[in-house]
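Okay, so subunit A shows up in both of these, paired with subunit B first and subunit C after.
So, the complex of A and B:
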């Protein structure tokens, strides 16, 4: 049978899987980046307890494979009476992952802002809050944008791990279809195309931003 | 020596600066060794000397951008003993009473020229946006850059950026202005635009302390010339007198090096 015809038949189920994948990725980004900003401030905090806590969260999030965190949240936490739906567990694990990775990118962005900016804010008498939110952050985030877009792509592809705890995302949809008629080659090719259709244009946008940034630097 | 009468622009009481026995070191490395200086209100003090003499550090101690390790600072009516805790509120008041202009301008690149000048007024002095914008436009006009109001600093030349930076500092109605080598990053020709604004400011009676390598400016505009070398003030007084007849060998050596360039 023609591949295209087969794909057309698979498409509705695949698109619903893709929707779930995009949803999880969106949650990871929307919740993960603000947390990443918070963590980036924590790891630079002068208070040792706050700094250590921030470092622990970041290093676990970056050091442990996302799948390990996913299993810990889904299978481990119920031991403490905290149980999540599979899709919730996937979101939590990926938010942690996104927060940890983005915090390092944001920290580097914030630290790249010239010291003179802080000094200028200081001599004008701006408060620490205004200095951070109105002077340093807008500039630091700007140079962090390409890196953060890279994390977004990584998160989208990372949603495929949620397959391991039976979240009906793109990989799970593909696997279900494959196990019905054993056309694994066709269906996983289609799954790959689905990931690529999102990821590759996103990469182009990232490259575009990187070029634009370097031009204005 | 008092200069021309103050204009109505200076509603703030005019207060000078007294620095007594300022000491500063980084580890074993001494940067300022018991430096004292009096700046009378309404006067211009030029700080010159070889690099590494401690001029910039000394200037930065005035608004506590650097914390001295010892001594007393009396500036714009506030007395500060380094090492003692200063209430953040007092510190903020001190900082807005003392304006500062940097060698590298340090404008906020993500804000337009207008916003660079208007935003601090709103946050520090609590002015309304309209009021702050109006004051910003006045000052831009005063430094000759009204047409740059809606440009970002990246689209302005170095001399224009420095003039915007001066306007930004003036917008907070400081009683004292500090300049840290304001023209050193500029082409000589462009530097003249900036010096012209500073001359005007001095003529208006602003109290100014200027770290500079511009000998002509120091001679023509300053009331007091202060020569620093090796972490100390080695000579101070009337700029013309010092330049034509320096008392210290070190001053002579430095002046010869600068003037023969």
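So, the complex of A and C:
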């Protein structure tokens, strides 16, 4: 079939774009989740200043579209003398996004840990730090896993927005190929398939984990 | 002030995209969710495939596919129509999944009670399951609407002059520090717009929990 032959020709360029997409998604997840954990703790902090700061970072990261954050980082910050390359800007924007979304999921997870656990830790004389890192966090993170996997898929799909600031990721590769020979239908279909072959199995794995979790709940 | 004016010029388009796509989604998701919960396995599988496929591809790809890829004779999508159809189709898939969750979350005892009362399948579904499912999903639908509002910003990449597009063109004309303003403003507008819906979602959620699970 004609399409398949063309696709085979496009594939090397598309795969290099996919590599960039996966790289950005990986950065967003690896840096975003720990920051999300930090934010979830900040949001519940006693200190009003820390709590407000945490809340502001989370609400902007979740409330503003990812595209707006991307533009703010890439076009906005250079106005204050902080300039980034496009790929760095994309990473920063998605890390912010991932941290904001994951913080809510982690917070819900931490809050789902039964109160008795904290009380038992206190009675046993564990320090506040040990209580959090050894008792609450291991249990809370467990119930946050399916949600965090969902965010990971969302981030991978979100990398497609980096096209808008000319990051050479999958969508940009597709557009470049398309503007050479105007086979937009073929090339964007191929791009969609590239995203789908990663997102769809990832969704199935997430659903599997969700089911497993709810069985033991 | 100029920046605010420029951004607000895109507000009607943002709202139009969001509401039009939402309308398509709300209606289109009904048959798809029925297929997702159908007792006929092949129908269920086909619906599952459609939903996963639509959700597995980023919105920007759908928009580009519609805007640049579709050429039938002399027919081409205008940017606005491509955005509405694209966002609408994606909404159908997400909302169908939400509806399915709602239908399946109706407590089993309700079905058993209807059977014991001798209600027909149709009456059980439309008179017992749907009214309760609707209450269960209404908070999720409100949350999805907020997400859709934000996703409508992606239409700026196919040159629909909604808020983000307006911000960009203002920023291009003002290469000074002023150029950051529209992005800040547009971010604030999105957050402000989503507040009432988020509030509504929490209220609906509290009411639903009292009505169904209490």
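Here is the rule we use: the second predicted complex is superposed on the first by the 216 of 217 C-alpha atoms of A that agree within 3 Å, B and C clash if a C-alpha of one lies under 4 Å from a C-alpha of the other, contacts with A are read in each partner's own complex, and residues count from 1 in each chain.
As a working rule, contacts are C-beta pairs under 8 Å (C-beta built on N, C-alpha and C of every residue); 3 or more make two chains touch, one makes a residue touch a chain.
These numbers were taken from a predicted model, which means no experiment stands behind them.
Student: Clash or fit: what happens to subunit B and subunit C when subunit A is overlaid?
Tutor: Here subunit B and subunit C can both sit on subunit A without a clash.
Student: Identify the partner contact of A:38: answer first if only subunit B is touched, second if only subunit C is, both if each is, neither if none is.
Tutor: neither
Student: In the overlay, answer first, second, both or neither for which of subunit B and subunit C A:205 touches.
Tutor: Neither: A:205 stays clear of subunit B and subunit C.
Student: With the two complexes superposed on chain A, say which partner A:119 touches: subunit B (first), subunit C (second), both, or neither.
Tutor: Once the two structures are laid over each other on A, A:119 reaches subunit B alone.
Student: Is A:69 contacted by the first partner subunit B, the second partner subunit C, both or neither?
Tutor: In the superposed model, A:69 contacts subunit C only, not subunit B.
Student: Given the overlay on chain A, how many degrees, to the nearest 10, lie between subunit B and subunit C at the CA centre of subunit A?
Tutor: Apex at subunit A; the opening toward subunit B and subunit C is 100 degrees.
Student: Considering only touches as defined above, state whether A:142 meets subunit B (first), subunit C (second), both or neither.
Tutor: First partner only.
Student: Which holds for A:130: it touches subunit B only (first), subunit C only (second), both, or neither?
Tutor: first
Student: Check whether A:195 is in contact with subunit B, with subunit C, with both or with neither, and answer first, second, both or neither.
Tutor: In the superposition, A:195 touches subunit C alone.
Student: In the superposed arrangement, which partner chain does A:59 touch: subunit B (first), subunit C (second), both, or neither?
Tutor: After superposing on A, A:59 lies in contact with subunit C but is clear of subunit B.
Student: Does subunit C touch more residues of subunit A than subunit B does, or is it the other way round?
Tutor: Counting residues of subunit A touched by each partner, the higher count goes to C.
Student: Subunit B to subunit C: minimum CA distance in the overlay, Å?
Tutor: 24
Student: For a test of understanding, state which residues of subunit C touch subunit A in their complex under the given definition.
Tutor: Where subunit C meets subunit A, its residues are 52-53, 55-58, 60-62, 64-65, 68-71, 150-151, 153-154, 156-157, 164, 167-168, 171, 176-177, 179-180, 183-184, 186-187, 190-191, 194.
Student: Applying the document's contact rule, which stretches of subunit B touch subunit A when the two form their complex?
Tutor: Residues of subunit B touching subunit A: 63, 65, 92-93, 95-96, 98-100, 102, 104, 106-110, 119-120, 123-124, 154, 168-169, 172.
Student: What residues of subunit A sit close enough to touch subunit B in their complex?
Tutor: Going through subunit A, the ones touching subunit B are 114, 116-117, 119-120, 122-127, 130, 134-135, 138-139, 142, 216.
Student: Across the complex, what residues on subunit A touch subunit C?
Tutor: Where subunit A meets subunit C, its residues are 59-60, 63-69, 71-72, 75-77, 79-80, 157-158, 160-161, 163-164, 171, 174-175, 178, 184-185, 188-189, 191-192, 195-196, 199-200, 203.
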